[in-house]
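Read the structure below first, then the notes.
Order as written gives the chain letters A, B and C; numbering starts at 1 within each chain.
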């Protein structure tokens, strides 16, 4: 009965598990997966915080060779775990489908996040793995893979903006109070930081570059607050969900 | 079961609130807590942009000063006056709503919205003029300028949507809530406050 | 669209509101994408596949600002058409006598198809990121961008075929007098649009002629047919959502409303 077991994750005061068991399991999985993802992108693959754009091809090759082992370990593990990304998005979509706006916006969320998966983090995984695959490649080619990986990873903005937008709309319209209204505003901030981050395609250096204080650091802080809040909100809403009724697609007051 | 209960009590609470104007209600938070979370968080995020701007400005003060000369301070002043006027309209509308005079409240909100549209038109004209004169985001100062005023512009657009929702709710007797008008006012005042700081930092401060 | 007061808080009203917002996001996003489309120098005329590497690199160096602006707009707003297409999914789910399998297939096809578009934006932007890059590499990125943008049409083809089949099934089944969700011609129109997409797959092979990525079939017909489909479907969906709202009792039936002032 460790704290890492899903049954312990959502409990009422009398120690009985709250909410539906399958939802409880996926709700527990959500922060576990993101913790693993965080370790991979920050500590192993070193793409967060990102390496600099304003370096020469030789420096990029040096980056790839210095971190070759951890990049390969990290991204190979990610290739195994990446299915979990879809599951975390689906959990949010499930909770969105319980809102009074129904499933339409949940599908749009799945759509936006589903599109974002490939350019958003799969492309950087394969680009960096390809770069470390043959370290003796022409430095210009490794530089290309480096740019492509970093710009797709940091610069895939519209897919997630679309998903956050429908999430915000659903939360604001929702009468079932599945998510608190302030979370909609948090999601709108996410969109704003994404819009600002588009500047990274223009600047190889400075505050708007892909590693800049505005395009990256402020965005990462807002994202961390968003993700942290989401984890707690998912937990709370799963605990409040009635176990016996099927609210999905109908809402508690049908007709 | 719990959801329908809570929605019933919510409706009862709302009609209660609509029935009594909140004149003389001491110590109540104007608007709702969600809007305050939005406003305070927004101010914090914008502050981080302002701080970063100041840091980069201190790293190359002459370049920034030179670039700043090309900003037209007159249009900045006009925009500031326009937004301050709109805030005044919004404040008047809150007072009218609290006193129960919803027709006047709606008119004031329209006036504030009109000011917002005027602000957007002036901003658009200013951007077009600057881009036409060749001051694009190739200079650091101007890239800050476009990003910060651009994000503010986005907030004005959202503010107009918020005002629209306030008008729609004020028109409908069953949906009138003073807290709604107050929440809209809080957001609009934030937009105005942000502009004053932007104006000071980008246009005025030498 | 005026939602009746007594049903404001019910889920069926929420569903209609959600669909209405998604429906109108279509024209709003479409307008922004139109601006980006007109602004992208690589479309007027489309960059020829036969252009040598130095010319391609020069094109990116000379038009960097507009390329970046238009592709950033595509990046930011391109996927915002997804909610619009979700209204089609929602309406497909309402079709009579069907399980929801076609609707879900449509959803997955849409997501996969949109992914290619998102990917092509990234390639264009990376090509424009360092104008001093080796021209051969810039041409490589340009090739990737165009091929990914034009050629993979399998997913969108599925979308159009699925809609055509779903409409056919809807009309073929007994609906107890209820109207079908979409008129019959929508199915045929969807099929024809899907067929118009097919030649574009050859853009990955041909460098000249109508099948090349700058050619009449692969570029103009493909993109024109897709844009026209979105415009036409906006009106079709608007009618369908309004009819759903009336059927569900969310808005007043315009024919039945004879001086009834209770809704105000």
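Definition applied: a residue touches a chain if its C-beta (ideal position, glycine included) is under 8 Å from a C-beta of that chain, and two chains touch if they have at least 3 such contacts.
Keep in mind that this is a model prediction, so the values were computed, not measured.
If you compare A-C with A-B, the chain pair joined by more contacting C-beta pairs is A-C. Using mean Cα coordinates as chain centres, the one most removed from chain B is C. Mean C-alpha positions place chain B and chain C at a centre distance of 34 Å.
Chain A and chain C have CA centres that are 25 Å apart. Spacing of chain A relative to chain B, judged by their CA centroids, is 30 angstrom. Chain B has residues 7 in contact with two or more other chains. Within chain A, the positions touching two or more other chains are listed as 175, 195, 202, 251, 253. The set of chain C residues touching two or more other chains comprises 9. Only residues 99-105, 107-108, 110-112, 114-119, 123, 140-141, 143-144, 147-148, 151-152, 155-159, 161-162, 165-166, 169-170, 173-175, 194-195, 198, 201-202, 204, 250-251, 253-255 of chain A touch chain C when the two sit together in their complex. Those residues of chain A whose C-beta lies close enough to touch chain B in the complex are 175-177, 180-182, 185-186, 188-189, 192-193, 195-196, 199, 202-203, 206-208, 213-214, 218, 221-222, 242, 251-253.
Across the complex, chain B meets chain A through its residues 1-4, 6-7, 32-35, 37-38, 41-42, 45, 48-49, 52, 55-56, 137, 140, 143-144, 147, 150-151, 154, 158. Chain contact summary for the complex, chain C toward chain A: residues 9-15, 17-19, 21-22, 68, 71-72, 74-80, 82-83, 85-87, 89-90, 107, 110-111, 114-115, 118-119, 121-123, 125-126, 128-130, 133-134, 137, 140-141.
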